[in-house]
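Each chain carries a letter (A, B, C and D) given by its place in the written order, and its residues are counted from 1.
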Amino acid sequence: MTTLLFVLALLWPLAVAALTLAARLSPRPEKAPGVASDLSLRFSRVFRPFSWLWVSASWPALLLAVSGEARWQWEGFMLGGLWELTPLTRPWLLFTALLWTLAAVHAKGYFKGDLTADFKDETLPERSASAEKRRGTFVLALFWPLAFAGNALLILAQDIASFYFGFALMTFAAYPLVVQAATQEAWRGGRVYLILAVMGEAFILAGLLWAAGAAETLTLSGVREGIASADAGIWMALLLFVGFGVKAGVVGLHVWLPLAHPVAPAPASAVLSGAMIKAGLLGWINVLPLGDVSTQGGLVALGQGILAVGLIAAFAAALYGVWQRHPKAVLAYSSISQMGMLTALVGVGLVTPEVWSLLWPAVALFAAHHALAKGALFLGTSISEHSPRWPVPLLWALLALPGLSLTGALAAGMVSKWSFKSALYEAEHALLIKLLTFAAIGTAALMSVALWRQWQRRQVGGSDGYQQGGWLLALAAALTAPLWLPLPQASPVPPLKEWWGLVWPLLAGVFMVACAVALLHRRRGRLPPAGDAWWLYAVAARALYRPLAQVGERLARMKQACVELALKWERRAMAAVQRCLFAEAWLRHHVGGLMMALALVLAALLMWEGGDFWPGR
Amino acid sequence: MMLRRMDSMMVSFEMTETLLAVALTLAAFVCLFDRHLLRATLCFIGFALLLTLAWWRLATPWLALAELLLGAIVSGASLLFALGVLPTGAALKPRHDRFPVPLSHGVTRLALSVLWLVLMAAGVRHALPAMALSPSEEPLLIAAGVWVACALGAFALHRHLLRRLLAFNVLGSGVFVLLAGMAGPMLAAQLLILVGLCIAALGTLLGALLIRRLYHLEGLEALDPDIDKTVAQ
Amino acid sequence: MNWRWGWEAATFAPEPGESWALLAALVLPLMLGGLAALRPPRRAWVVLLAALPLLASGAALFQAVQGVALLTWSVSFDDVTLALRLNGVAALLVVVTQLIGVVAALYTAGLCRLDESAGRSRWLWPLWGVLLSSLSVIWLAADLLSLYLGLELMGLTAVGMLLLSGKAEALLAGLRYLLVALVGSLLYLLGVALILAHWGSLELAQLTEVVAPEPVAWLAAALLGAGLATKAALFPLHAWLTPVHASAWTPVSALHAALVVKASLYLLLMLWSLLIPESHVAPLLLGLLGALAIVWGSLAAWRADSLKTLVAASTVAQLGYLMLAFPLLLGPEMAPEVQTLAWQGFWLQLLGHALAKAAMFMAAGNLILATGESTLAGLAGTSRRLPLSLLVFGIASVTLMGLPPSAGFTAKWQLLQAMLLADLWWAIAALLLGTLLSAAYVFRLFRYSFIESAPRKTYRPLAPGMEGGALLLALAALLLGLWAHYPLSLLQGASA
Amino acid sequence: MNAAWLPLLALATSLVAAAVIFTLPERAWRLRTAINLAAAIAKIALVVLMVRRIADGIEDTLRFQVIGGVDFVLRGDALGIMFAGLSSLLWLCTTLYAIGYLGRSPNQKRFFGFFGLCVTSTFGIALADNLFTFLIFYELLTLSTYPLVVHKGTPDALNAGRIYLRYTVTAGVVLLLGVAMLYSLTGDHSFSSERGLAPYLDDHRGLLTLIFALLVGGLAVKAAMVPLHGWLPRAMVAPAPVSALLHAVAVVKAGAFGILRVIYDLYGIELSVALGVMTGLAVAASITILYGSLRAIAQTELKPRLAFSTISQVSYVVLGVSLFGPFGTIGALAHLLHQGLMKITLFFCAGSYAEELGIHRIDELDGAGRRMPLTSVAFTLGAFGMIGLPPTAGFITKWYLGIGAVEANMLWVVAVLVASSALNAVYFLPLIYRLWFRPAPTESGKAWPNEQRHGRLETSAWLLWPAVFTAAISLGAGLFAGLPYSPLEWATRVAVEEYLP
């Protein structure tokens, strides 16, 4: 039964994608009225994009996650497949699949207009532009289940090959999700996403190869042990950290997030920022020897570095993000900031391994909560742009709720904050706790800014029941995450005396934003662009590329010159040969003389050789 | 014959043979180096007749007969035919060989001929060690060596086809005489010579036909009418 | 060396059947040639049928030599001994000669059917017969008199055949060839005269016992060498060859290039291994000239404008490979295994080249006949219309290039092994360079033939048998390389 | 029981087919097609039979003596049958494709005849059991591919043919010298013999190294290793099926396979390591990999880009060989097959684009994915395989190569592999992007460069299905690499044999 669920969880999304494609390729009634039979018409209706069947792509995985821990092994798959739901991956799969499901429901409403456009009469004047967008939407619908399949596979996988497969599948299948809008910005965002993704894949591949080769293993647990015991473990770990860090938005490698998220449609942003970004985190947890008490000094140093990087991300992203104009960009920076905190926690896992056993449930909870809350926030951006005719305070309170939860001021957010704080207390990381608390100020500020930017762009009408339903469900799931997330032990509710410690950053953050808005809203300065360091990278890359291109050009010219020289020599040699061959006529003329000469030479040589040249012995 | 006489071990001077040898050599020289073609051809016929005499003197009547028939009559007639003398008609118009001989060609051919003479001498000396004691006893042998060397040189030097054919014929005769002189009265040697004579006559006949035909068709007198042009390039 | 050449007493006396086969091999070509002159055959099957007894005689000789390795016949009167000996080499050569001869006859029949200068073609048949017989005599003879007879007959008939096309350039080339060949024979005769005078015998088996390294042997070797080298068109005395082949009729060129020049080379090798088996410098000189021949001939073929000139010039280069074998075969300190390898390589190259060159000339003749063009450029675009002729040319050129699995390759392989063992690096370089250059000139034709934009022309159809026979020869050359072991085992003579 | 007829028969199927095709008239289209397909299927059946027998431990051998001390030997061993199987499978695909590609164009008789010869030579190379036999078929391959390269008969094609010959014939000569030197040193040496060349190491170290250099140098030309690769991009003027076969199986693989044979079955790995030639080879292969990728990026036409990609990819095989250790070996062997499958897919697709839409340049690819979805899916799969993304076959080999490099303590090789992956992504992802995400010219009112409607489907079925089939196999070879008889499993079997004698 579980095996069947495994298979279904992984294959059903693929099947959905295939059926969606098939429905698209089957003859369409309006194009070929005579050809399409009733059956094929029904087929294309049932399997059209954003049908319920399409939404159901993530259900088997959800069911699998709910049904409990399981394990399935099949040697025939790639390098030997091993899939397992561990105490860690079960909640992970659960929140991931849930978010995908809810985002899909939201998308069902979100793309309704595009969907009808899909079957619209093709003689519209603005055909080209709309056709492109429509196609983008279809491609999104096609790749959505594929990206989910990748995401589910990487969570389930315990062997390297299928993990890496899932990771790559998710990464590349997410590209159409980013570029759906087919605008200039979308293409740019997509490009940045892809460039960094490829770099990330390269680092991951290098790290995995190294670690797996050194440890002669094919499983992720083997990689962990290998890194822990290898001499060069720190370098392997560094490679892997950087590789997954691209996905997890580690500072410096995060530049794709603020560029790709705002351009993607809301449901895609939700899964990108909620579920997929966590794949990087899961990657770290899977391959870094977190909680391994035998870790060597090098790895501890790396852990400290990770810790620092994470904290920098947590603060810097907040500081930069508040200046963003687009709410989704602000949210993207918030994701960077939140992932920074998670990065710091991973660093703790390396620095003080003994605390990891306490810490990881907190990390899982944090991840789940952040995923769903961020999902709700992103979905909320589409709600605010097409807000339903609900009472305004209610709507905006609902829109603000996940943000509040993220700052740790209430509900699941508070629980998750407390659960890692309590773990950190045990490890006596007082400074870290303080810093994380300060980071929460940033979160609060970001949330306030995001809400404010949403307010500025609010529009009424045009939203759909599915859109709102998906959003509301995500919100509810986010707020109640500790209740349903299957963690080993129930997450502790913070004692009352700690409550203030969790709430004050919110107030501080909101206050600061309010002050800043009050002070600055008259000023018309240029706001820093989204994607911060990307622009620096681009300049640097261009500066680096130019001399390289020149070198290449020079080499090409040199090669050309060599070829020409060779050709010239060849021509000359041929001319010389031609001249030489005139000697053939000379030889023809002088056969008689040559014959005489040959006889003489032979005779002379033989006599000389015989030592009897002339005239006698 | 010559060898048989060697038994006596006495130094004698064969007048007839010497005269014959000198006459033959003179005829051969004229035949090889006279630019007047008809004269050279006639000289060759004379040479062949003298050679018949020589074969007779050497007590090889079969060879004498063959030389008379094949050498003098067939070859001679062929050469005359090639000249256009025999059946009157289109004769080779310039009866002179008018090809210039560059000095370098002449010098190299002369040098080659001289060296060949040395070669012949060495060959005869080593093949017939006894001859070294009395070289004058074998005037024909010595003469034949000279013919061979000169004829080869002439063959290499001349461009006119008829003259080359003549040179070949003289060369052939020289070789035959050398063979007979060195091998003595062996039947094998005579057979070899007979075959050679036949072939030489056939070759001369064929060559003469070709020369006529070529002259008729293209007006050619030499093999490489354009040699100077191509070499100059 | 003696046992290789079959200059030793035969263990068995020839049986009557074998003697008859020998007689048939020598006389049948004459009879068939005469018959054909009276009634020139026009159809391939007639030629085939008539040639069957001839081929059968060859097969019988082959069969005989397989059993006993060496057979000798001799006739004596007075001091003259005419001797024939049949060993592996001779049997192989006879069979190949007959094969090529018959295929050439087939081709000739086809050619006559196409009504190509029918008048003179009648003369081809008796000449063909004499040529085949004289070649067989040369392969089989074991005394210098028969050899001289065969050589002269062969030379004259060859000249006669070459003249038959009647074109002015053919006459010119033929006359040059005639003069050169006659003078060459005279040098040969001079050499023989020295031998006869000094050792008093013309029989090779007897001579082996008396010949010692002394001045007469050296001088004779030099004279024989120069004469035969001229007749065999060895570099630098090769220049008469190209125009001869380029202007003659196709089957004549084929026979000439395949067999006639080889006969002189055969004699050269045989007499040198008799006279100067221990010499170092003379074979070395010939080898060096061979290296030059490879380069020179290949370059000439590469730059050739007309197809037949290309094929003819390639003969010069291919003879160079055979010359390269001389320093390996003869010489004072050559190890036996080097000699064995070179011996095998020499014969394989000779046989392979004979078959391939005959096929190549025929293919080239077909191309020229069908298109009416003799230049390479004129053959542009032929691959579409004359694929079979090109294929034959291609297969033959595989042998010429020495690419596997052809006889040329196996021969080169053996020579290469021998050279490696003997450390003759310059010879290796020449050998390999030759391969490259031969590929260069062979593929020039193909390059032209593949041009698609060439103007369409009307092609003359070919008679049956003109392509089939050539294909047979080309394939024989190809497969000879792969099944070389069998013929080579015959070459080792009785003591192998 | 040794069945000598089996290798011979398997070899003869294509040879006889070629011979028969040469005798058929040009217009006998149906008969020719039937013979081609029947021979291809028969060959596959025979190969399958041989594979089963090898799995049972029977190595069928055909042997006869060519000259004293040198035999012609064909032996169906595990390594050889890998390559033979690939060539026969892809022969079928390519034949199908070529039938569609050539349509009713002229000179088909010549084309299919030499095609059959080419496959025969490849097959012979695969099963050759000593260097002599190998050399025979190796040279035969050169000859039989020349007419295919110049098939179009244009000046471009003829020039390419000349360049091709210059390279390959020279290489053949170098190889011949090497082989001859080796034979004169050691005599006939079977690939399957346990006795390596180790006994000669002490006395002939320099000579062995020289011979190694000659052999590998000669083979590297066909394997298109830098700087001996110049012929390959030029040979792109050949028709698509030829490029496909040349790149995927016949020529470049023959070179790579030869290097495999030389190192594994002739010198032996230990000896090669002891000679110290492996590092040099690895460096050369790495340079080729990176150089090929860099040059590929600079190409603006589709087929040359694929050609440079081939240059880069084939050296993976050489790289794997030069890593001492079983994983590198497995990677090399598996890549031999995987790269063949993936690259042939890419060339099929490139040919289909050119035939159906007239697309030759890369910027013309815009939007072709929607016009020809299945072809483009196949192309995408092939490209992902080249990049080495899972689950395609390319990932499997990259993985094993990487592990092999780590095991051999050559971490820089891992860096090369990763860099090559990234570079592959740089030159393949834009293609995929153009295929799928750019608007087609038809949408802005322009037309495809030269659109033909070849069939009811997106293009002619002959062109479509072979590409889809090979793409599916290359996907399957990665996805189910752990199953028995998969390329990886078979490669592992061979590697185990090599390392555990």
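Note that in this section contacts are C-beta pairs under 8 Å (C-beta built on N, C-alpha and C of every residue); 3 or more make two chains touch, one makes a residue touch a chain.
For clarity, every value in this text was computed on a predicted model and none was experimentally measured.
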Point to revise | Result of counting contacting C-beta pairs for A-B and B-C, higher pair | key: B-C
Point to revise | Most widely separated chain from chain D, with each centre as the mean of CA atoms | key: B
Exercise for review: Let me have the rounded angstrom distance from the C-alpha centre of chain B over to the C-alpha centre of chain C, please.
Suggested key: 31
Study note, to complete from the structure: Averaging C-alpha coordinates per chain, one finds the centres of chain A and chain B separated by a number of Å equal to 101
**Study point:** Averaged-CA centre spacing for the pair chain D and chain B, given as whole angstrom
**Key:** 70
Exercise for review: Compute the distance, rounded to whole Å, between the mean C-alpha positions of chain A and chain D.
Suggested key: 35
Exercise for review: Find every residue in chain A that makes contact with two or more other chains and list them.
Suggested key: 585, 588-589, 592, 595-596, 599-600, 603, 607
Review point. Which chain B residues sit where two or more other chains touch them?
Key: 119, 122, 152, 155, 223
Point to revise | For chain C, residues that touch 2 or more chains besides their own | key: 176, 183, 214-215, 219, 222-223
Review point. Name the touching chain pairs, please: which are they?
Key: A-B, A-C, A-D, B-C, C-D
Exercise for review: Report the residues of chain A in contact with chain D in the complex, numbered from low to high.
Suggested key: 25, 74-81, 127-128, 131-132, 135, 139, 161-162, 164-165, 168-169, 172, 176, 179, 194, 198-199, 201-203, 205-206, 209-210, 212-214, 216, 552
Point to revise | chain D contact footprint on chain C (complex, rising order) | key: 340, 344, 381, 383-384, 387-388, 391, 394, 398, 401, 403-405, 409-410, 412-414, 416-417, 420-421, 428, 432, 435-436, 439, 443, 446-447, 450-453, 481-485, 488
Review point. Hey, which residues of chain B end up touching chain C in the complex?
Key: 119, 122-123, 126-128, 148, 152, 155, 161, 164-165, 168, 171-172, 175-176, 178-179, 182-184, 186-189, 191-192, 195-196, 199-200, 202-203, 206-207, 210-211, 213-214, 217-218, 220, 223
Point to revise | chain C partner contacts - residues on chain D that touch it in the complex | key: 22, 64-68, 70, 72, 106-107, 109-110, 132, 135-137, 139-140, 142-143, 146-147, 150-154, 157-158, 161-162, 165, 169-170, 172-173, 176-177, 180-181, 183-184
Review point. What residues of chain A sit close enough to touch chain C in their complex?
Key: 577-578, 580-581, 584-585, 587-589, 591-592, 594-596, 598-603, 605-610, 612
